[in-house]
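Encoded as structure tokens, here's the structure I'll be asking about.
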Amino acid sequence: MDEVLLKQALEFGQPYAQKGKVASYIPELGKVDGQELGICVKTIAGETLHSGFWKQRFTIQSISKVINLVVALEYQGFEAVFRRTKMEPTGSSFNAMSHLSDSEAIPFNPFVNAGAIAIVGLLVPLGLEQMLSAVQGLCSDKYITINEDVFQSEWANCARNRSLVYLLQSKGLITEAVDDTLRLYTQLCSLNVTAESLSNLGRLLANDGIQPETGNRILKEEVVRTTLTMMLTCGMYNGSGEFAVRVGLPSKSGVGGGILSVVPGEMGIGVYGPSLDSKGNSMAGQRVLEYISRTEKLHILDRYAR
Amino acid sequence: MDEVLLKQALEFGQPYAQKGKVASYIPELGKVDGQELGICVKTIAGETLHSGFWKQRFTIQSISKVINLVVALEYQGFEAVFRRTKMEPTGSSFNAMSHLSDSEAIPFNPFVNAGAIAIVGLLVPLGLEQMLSAVQGLCSDKYITINEDVFQSEWANCARNRSLVYLLQSKGLITEAVDDTLRLYTQLCSLNVTAESLSNLGRLLANDGIQPETGNRILKEEVVRTTLTMMLTCGMYNGSGEFAVRVGLPSKSGVGGGILSVVPGEMGIGVYGPSLDSKGNSMAGQRVLEYISRTEKLHILDRYAR
Amino acid sequence: MDEVLLKQALEFGQPYAQKGKVASYIPELGKVDGQELGICVKTIAGETLHSGFWKQRFTIQSISKVINLVVALEYQGFEAVFRRTKMEPTGSSFNAMSHLSDSEAIPFNPFVNAGAIAIVGLLVPLGLEQMLSAVQGLCSDKYITINEDVFQSEWANCARNRSLVYLLQSKGLITEAVDDTLRLYTQLCSLNVTAESLSNLGRLLANDGIQPETGNRILKEEVVRTTLTMMLTCGMYNGSGEFAVRVGLPSKSGVGGGILSVVPGEMGIGVYGPSLDSKGNSMAGQRVLEYISRTEKLHILDRYAR
Amino acid sequence: MDEVLLKQALEFGQPYAQKGKVASYIPELGKVDGQELGICVKTIAGETLHSGFWKQRFTIQSISKVINLVVALEYQGFEAVFRRTKMEPTGSSFNAMSHLSDSEAIPFNPFVNAGAIAIVGLLVPLGLEQMLSAVQGLCSDKYITINEDVFQSEWANCARNRSLVYLLQSKGLITEAVDDTLRLYTQLCSLNVTAESLSNLGRLLANDGIQPETGNRILKEEVVRTTLTMMLTCGMYNGSGEFAVRVGLPSKSGVGGGILSVVPGEMGIGVYGPSLDSKGNSMAGQRVLEYISRTEKLHILDRYAR
């Protein structure tokens, strides 16, 4: 892989940006330029490749669900996490509540809002500062901060998520203070990252939880395996199944336009393209990743033949 | 891997058989012995390993959905197949119809009944004889025949599937004769296979569609990749997500008690254990596979580290 | 009440016809003129009032569900009928199946398709000829016959209803032959009636089941009470609640454009206006009835004050 | 009607109390004696009839939804109320949220929790004191106060209702302060009434909104008609349809064990029997009302024949 390929991939993906729309349910999110597109790749071997808007800051949104999951698994363990959410993909949209109406039901997985919020509850004792420092560490990017404008805009429009939190509380799936949980969840959605930050996180996951530069193990093997599997089956909202067929890389998207992708054993990839399809995934970003996966034969089920 | 490991795996899984129940919705299925347990492994290199009831015939049931998918993809192509079904996993049970009530909706994936039946429609022109011969070839088992008792029992109890077929017809997702479609679907569920037959099919998929003994390509690469991905995200009914985390091998279960598992690039595995959990997956069989995957580090996301 | 009032009511309702659409899901139904509007009133005292297209034949469609219910209650009894369907109104549309996906569930009421078909099963032993003669008697209209064009058109487009029948069969809610049940159901939907036929049926129900002209009891009191109650709570599809508030007369609509209304103790009303709202109720017809009910204070909860 | 009949009705109903259970989802509600049963009837003519525990105080619970509706209709008007809720009965349970998951959806009717809470929002400007005084007036019972123990118990267990409020807020169906709305809603559920209080309210509705003793009009005709119709179609949770067939009186039940019933033009009835069926309706109370309705021919569709 080289930067020529990345450039070709962006060129391939660019036209699709026009077919989507930037997120608008949060006023502040609607202000970005939907035509921006960028990518950054970090290999375990130490290489950095990039093209386009790879330095552009954008909000992490649902990709924070990956960080929430790994930190919760490290901090509270597998049992505690999966008492609050199942591990099943769902054909429903990310903010669905309908199946939770039954009193027995628990959220489908850690990457739908309901499951993610339940997991953030487990992180409340850590507080924002520790979480921010964890994010900066996992992404090797000490410039990650909260985008205050986006946070305020989301905080002022979070009635549906607040409804979810109380529904979870009524089921005993959240025992932490509601306000603390929801604020932390929303703050973690509002973090300013770049395609490069995501590629650093991806590389760490690709290397099984060991920071390549230092050789230090940051995350347990089981945490990485669980997280990558969930990304593979549930990472792209209700488009996860088709993305797994077409691209075949554990990935997580956010409505800020980011996609985090992992090529296990090889590299992390961060993509930024804020024009979204109807499911909330970056329109052009998905095509960029499909181009690269096809060209380089990175599909997780193709790689044994090499 | 050796037969000692397989024996240990069966010993590990055996106690779980008591916690499940054999399928009973079809009278004939209720007659088997729930305590039987067997496994067969075929490596690409040519080795055969087995233990327990590996020669016991049982009906293939939903594992036929894998065969239907590969034959339909080969015979009618990607476009034709995925016009009739999406590729998305679903948290709902295999015979769910509720989401299809909306007039626009199409089945979630080829492994829920609705999707599988829509795909069998595409195979009607081939007819049973050609399909049977295809199955025998894919499984390298010329003794596979229809279990007439099971077929008659299923045929006499297929009102719900018949309801599904007409619902699909009302949406234009089936254009073939209803009776022909439903009969072929039911016949293909009633095929008598063994753990060995499944392991042969698994080995073919593990080897990217090339028959190891002859070097002949039987299935296109894209067909294999698509099928294995669907098995990974949707193969174990509404327990697919957790199975992907715990075992991490593209697999497909059937209520006859079989599980087909694939270790890409290495081997095919067939398991037989007819005592089922509430989702319809072999109770002991899942544990046997978990034991092997953990011991041998076969999880699809563990293997890059080796 | 007099014909001047009826004329005013039609004038009041007429403009609403333009806001609706004639049914189109069955090609043959799409051929009628949506601007037609007519009404016929028959009082227990023996008066006949009419205006507009009161002699125009149209297909009875869902209003046959009222006839199916009364005949089934007379012929098979309360227990037999309400073993196959509940008596609960539902906020869902008439052809909903989603709630039936659960294996325990039975249809909500006799006026949704699922419930009506289950009830027609009970009528299969009577056969079409006896049912036709029953309809002619109940409606005092010996010219009621099957509209063959509509029947053929519906029969050729009944896959969704056929799906429903098999779903009911899978639940043991239909034990009669599927084809016989569905054909009889569809034939009874295709009967050619007029606003006058409906007003005759309405008068019989208004008079507690006694034919006013002869003094003969045709229907048991309990049958009439049950049927009128169901019409009040469930007769106008998922617009029944609002219609009960605004008009307050036990009524049943059909997508052929008819509405049967009953003023208990006083009169029967038949309306014809084939332009429908999104729920399947006659757009203008509802307004005509609202006008009359308001003007004459016929709302079932207003009449005690008089 | 006389007190002998009421006594017979209680005797008929009493055994059914053993088949139900007192509400337990709120700890404080679980403390009552499920075998208590009482009734009070007030006729427009001025008679009072009673039997059993007619003086026992209990919490009004969902019957407050009737009061909320009439006050909101008087105070804010038909348009304002029915912008926040539809008028449609639903086959779902009183605390269902699933259908609200769709962004367009509004609550089915004023008697499911979601609809009732949306309506209480309209009453927030009035405040508790004015509402309490309104309740005392409508029920002719100046001893009605908040049961503080029940209120505190409900307030400590209202996460699911709080979830509903925020869901409504996210749809713009509540613009009032969430806490104020939810507190007022819960306070109004916790009012201590008797069968007599309910019979007074019933008599007022039976008399078309005019207080019989004074001749003063308290409620507009349209408000009474709308409210009684909603009670007829939606008043008994998801048992409303069957209750309408069997009893046929506009009624509203509460999980405190009360039922308010109205015989239009004649009388109001209050029943108390805290042992509930699975839908939340008084087990014995329903039977008491069925006995009286059958014996006295009070069914709303029977009364024209008299």
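As written, the chains take the letters A, B, C and D, and residue 1 is the first residue of each chain.
Methods note: a contact is a pair of C-beta atoms (placed from the backbone, for glycine too) under 8 Å apart; a residue touches a chain by one contact, two chains touch by 3 or more.
Small disclaimer: the values here were computed from a predicted structure and weren't measured.
Chains making contact with chain B as well as with chain C: none in this assembly.
Annotation: 48 Å between the Cα-based centres of chain A and chain D.
Each chain gets a centre from the mean of its Cα atoms; for chain A and chain C, those two points are 54 Å apart. The centroid of the Cα atoms in chain C and the matching centroid in chain D are 32 Å apart.
Listed for chain B are residues 99, each touching two or more other chains.
The list of touching chain pairs reads A-B, A-D, B-C, C-D. Within the complex, the chain C residues that touch chain D are 86-92, 99, 108-109, 208, 221, 224-226, 228-230, 232-234, 238-242, 244-245, 248, 250, 264-266, 299-302, 304-305.
Across the interface of their complex, chain B is touched by residues 96-101, 159-160, 162-167, 169-170 of chain C.
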